[in-house]
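Heads up, the next two complexes both have chain A, just with different partners, chain B and then chain C.
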Partner chain A sequence: MAEVVLNNVSKIYPGGVIGCKDINLHIKDKEFCVLVGPSGCGKSTTLRVIAGLEEITSGELKIGDTVVNNIPAKDRDIAMVFQNYALYPHMKVRENLAFGLKLRKYPPAEIEKRIQETAKILEIDHLLDRRPKALSGGQRQRVALGRAIVRKPKVFLFDEPLSNLDAKLRVQMRVEIKKLHARLQITSIYVTHDQVEAMTMGDKIVVMKDGFIQQIDDPIKIYEKPLTKFVAGFIGSPAMNFISVKITSRNGNFEASEVPSGFVYMLKSEDFPFLRDYDGKEVVMGIRPEDIKDTIFANIKDAENTVPAVVEAEEPMGSENYIHLTTQSSAITMKTAGSNRVKMGDRLNLVFDRNKLHFFDRETDRKIE
Partner chain B sequence: MDVVIFRRKLRNGLIFFALVVGAVFMLFPFLWMLFVSLKKTGHGFLLDFAFAKPFFANFKAVWNNPSFPFSRFFLNSLIVATSGAFLTALFCSMGGYVFAKKDFYLKELVFWMMLATLMVPGMMYMVPQFAIVTKLGWINTYKGMIIPHVANVFGLFLLRQHMETIPNSLLDSAKIDGASEWQIFRTIIVPLSLPVITTVFLLTFLFQWTNFLWQLVVNTPDSAKLTLPVGLALFKGQYSTEWTKLMAASAFSIIPIAVLFIAAQRFFIEGLTAGAVKE
Partner chain C sequence: MIENRKLRATVTSYLFLAPFLLVFLLFLAWPVIYSFYLSLHKVCWSTDLYNVFSDMKLVWFQNYKQLFKDSHFWWSLIVTAYYALLTIPATIFLGLMLAILLNNKLPGVSLFRSAYFLPNVLDILVVGIIWTFIYSPHYGILQKIFNLLGIQTFAREGILANPRTALPGIAIAMVLRGAGFGMILFLASIQNIPKSVYEAAEIDGAGPWQKLLYVTIPLVKPIILFLVVMGTIASLNAFTEIYAMTQDGGPFAVHFMGEIQGATKLSGYYLFEKWSQMKYGYAAAISYVLLAITLVISIVNARLLRRKQ
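For the complex of A and B:
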């Protein structure tokens, strides 16, 4: 069991290509930390740096109390699960599980005991004498997990382990990995590009972009209080709506006028005192699809502060309905109950939940608070 | 419907006939060699059925001839071909691994320069190689016959191309599992490249087994290390050639190759087609 600490860790490839830069991260013992971000954001590089598969250009990496910058991967006492499983195709499942233990010269009886234990936990005991090509995707993933847990390492690293599975199996394995973590209580670092995986699995989420960390927090805080426009747009499905507005002070309150033209939305100055510095400037207003209501569906009488929009399309999901609308200058997605159906061309008057509005600086993309 | 079946049968029949003709054409020299090897001395080129008595007399005469140490030639060939093929397969595998999976300065340039040497005819190397071998005192030795041909660029190319298709995640996984560089090579790379390594082994074995010129060059006529191709040439006298015995010796000489190819046929075909399709 161990904590993992990265102090200003950077990985710069030849030619100046940034893998990851100035990563400061403290993953506590037994914590399940998820690194999430789009392709090329540096999450896998960070994981490979922790694994010892990439050399650190600068900074310090500690696993437990040991600085491991110069310790090779095999001596870091970590285990890794890969996206493509990376099972040795010429070895049976049993040999795949035993490989790491044999190399570490465990006695045969101990190896067999651990294989049996692991196989039981993952319910793969009937597959031990098969080769990887005779297994289904889900079974292969279990064997890959087995190969990691059989060694009882200090830290588990997962590199997009569910990406190759179909949607249903992915959900199932997600839960299994969570259960496994709860049972084994081993510090885990999980890389994914899927924000749903990140939200559902992580105790802590690290959102990355272009090699830099954007925000580190627990899933709910990341969702409710994103620090940048990127995080706000990346976490959440459907994504947060962004509307460019110009802030103008009027009668002690603020008007948010859609840019270049469109609706005018009134904001009370006591709710948004921080907008005072942006009087006369353009900002980005963000609102999540579930925080938008319609005067008809929400049964709001005489709503004075509404945004008129036209229905472009709807995506009925059964329990909920995603309605895609356009205002004069922006596209908006709204999430409503499945029974609330609309037709293309319908005109709706939208009401935003004022407590859930976010504002971002146009220049820096950072949240205005 | 019947016409369709008839046409299909006719087409299959024609294909079968063409294949049989092809097979006979390919097999004829072998069958002719066996036929002649069983005939009486002096009847080698006569279209008769005058077989030797006893039936395998020529084979016996070749194997037990005190003035013609056929079994010695056979053993020499076996040593040269086996060790040459083994060393070539080993070094090409190691080189292929490095070129496929490691990064070093000027890697691509070095590789393509090595590949470019394939365009130079082998004969061009013979004189400098002979000079080196002579200087090293390797005339009439196994070393002189084997070592100059151990560096095999074609084998290196074949193995590098195959090893590039082995996913890097397997090597990363082995590294994390605790494998050293040599253990990764031995337990992951070699087993996964076995079909191609077998192909390189067989091709090199075949090359060494049938290599006549180099082995003639690095052996003096009285050498104890003469190999089969050179030995077989001894049958061809200045005035006459004992064709029946020559053919018996030739028949002997193809046995190891035939056995090897039959035993490793599956690997050999896998090796030649490896990487042709995405699995």
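For the complex of A and C:
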């Protein structure tokens, strides 16, 4: 059991290509931390740096109380699950599980005991004498997990372990990994590009972009209080709507006028005092699809502050319906109950939940608050 | 209608195959069958030099019986086994090491890859002659290096005229020629092993040596088995290198079964010798025994491979 601490860790490849830069991260003992971001954001590089598969260019990495910058991967007491499973194809499942223990010279009786324990936990005891190619994708992933847990390492590292599985199996394995973590209580670092995986699995989420950390928080805070426009857009499905508006002070309140032309939305100055500095300037207004209502579906009478929009398309999901609309200058997606059906060309009057509005600086993309 | 179309397709297929089949039947299938027929006969060239097959006599398995009593034949098999032992492990080891080295991102890798493979493109006879020059005690570069080092062991008769060093000398030349072929096969096989498997091994606690032993070698085993079989067949058929580098099956080595035997008289060369003495029936019998040995080795290898898979 150990905490993992990264102090100003950077990995710069030859030619100045940034793998990850100035990573400051404190993962507590027994915590499940998820690194999430799009391709090339540096999440896998950060994980590989922690694993010891990439050398650190600068900064300090600690696992437990030890600085491990110069300690090779094999001596860091970590285990890793790879996206493509990386099982030894010539070894049976039993040998795959035993390999790490044999190299560490565990007595045969102890190795067998651990294999049996692990196989029981992962329900792979009937597969022990098979080779990897005789297993299905899900079974291979279980063996890969088994190979990691059989060693009882200080830290588990997962590099997009569910990406090669089909959607149904992915959901199933997601729950299993969570259960496994709850049972084993080992510090885990999990890399994924899938924000649903990140939200459902992590105690702590680290959102990354272009090699830099954008935000570190628990899943709900990341969702409700994104610090940047990137985080707001990356976390949540369908993604947050962004509308360019110009803030104008009027009668002690603010008007948010759609840019270049379109609706005008009234904002009370006591609710948004921070907009005072942006009087006369353009900002990005963000609203999540589920925080948009329609006057008819939500049965809102005498709504004053509405945004007129035309239906472009709908995506009925059964339990909910995603409606894609356009205002005069922006595209908006709203999420409503599955029974609320619309037709292309329908005109709706949208009502935004004022408490759920987000504003971002156009220049810095940072949240205005 | 359908049957007509099928027939036409079959005829077309055979027409496309015909040029190869013709060459195959004429130059491969027929000689194979005829040489077995020949191995059951005694061919006497003394009656008519211009038609040696005119009065050959059917002796059934007499040639084979004689072969099993022939000390030169048994010696040739022993020397062949020795030659196989000298060349096969060394070729495989060198090929594997070169492949591992060239699998790294080193500057000029493709140049080295071509350079190591190049000798394999050259004919064995050419390589043999080049090495005869290298080994020459009078003007060879090797002896010049030995002179600088003060080594005079091979100064008088040279490596290829010494019964102890003649076959190892040929083996070294052939290992250096053949390692490039193994290297290419190993390299292709190693490059197919996912990088993540090595990374998983590293995290599991394996160092470079253990990764080689427990990951690389087991995963290139089919190539090793293939090279063992190809090497064995090449040893049984080895003729050109012996012909190019030594005279009449090499310097005399030992007394074996009451006769003095040549140090480099491999089975392939012995077959040639019998053929050049116009003992066609006997030579055909030798070739069939060698074929049987090759078949046994190939079958054992196929079984081993199948079990692995």
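Everything that follows uses one rule, which is that the second predicted complex is superposed on the first by the 369 of 369 C-alpha atoms of A that agree within 3 Å, B and C clash if a C-alpha of one lies under 4 Å from a C-alpha of the other, contacts with A are read in each partner's own complex, and residues count from 1 in each chain.
Assume a contact is a pair of C-beta atoms (placed from the backbone, for glycine too) under 8 Å apart; a residue touches a chain by one contact, two chains touch by 3 or more.
Only a predicted model underlies this, so the values are computations on that prediction, with no experimental measurement involved.
Following the overlay on chain A, a clash is recorded for the pair chain B and chain C.
Contacts of A:H90 after superposition on the shared chain: both chain B and chain C are touched.
Once the two complexes are overlaid on the shared chain, A:F82 sits against chain B and chain C alike.
Within the superposed three-chain model, A:I18 lies out of touch with both chain B and chain C [touch as defined at top]. Judged by the touch definition given at the top, the superposed model places A:G100 against both chain B and chain C. When the two complexes are overlaid on their common chain A, residue A:A73 makes contact with chain B and with chain C alike. Note: residues 51-53, 72-74, 78-80, 82-84, 86, 88-90, 99-100, 103-104, 147, 151 of chain A belong to the chain B contact set and to the chain C contact set alike, using the contact criterion stated above. Chain C meets chain A in the complex at residues 194, 196-197, 199-207, 210, 214-215, 218-219, 221. Residues of chain B touching chain A in their complex: 167, 169-170, 172-180, 183, 187-188, 191-192. The part of chain A that touches chain B in the complex is made up of residues 48, 51-53, 72-74, 78-80, 82-84, 86, 88-90, 99-100, 103-104, 147, 151. Here chain A touches chain C in the complex through residues 51-53, 72-74, 78-80, 82-84, 86-91, 99-100, 103-104, 147, 151, going by the rule given at the top.
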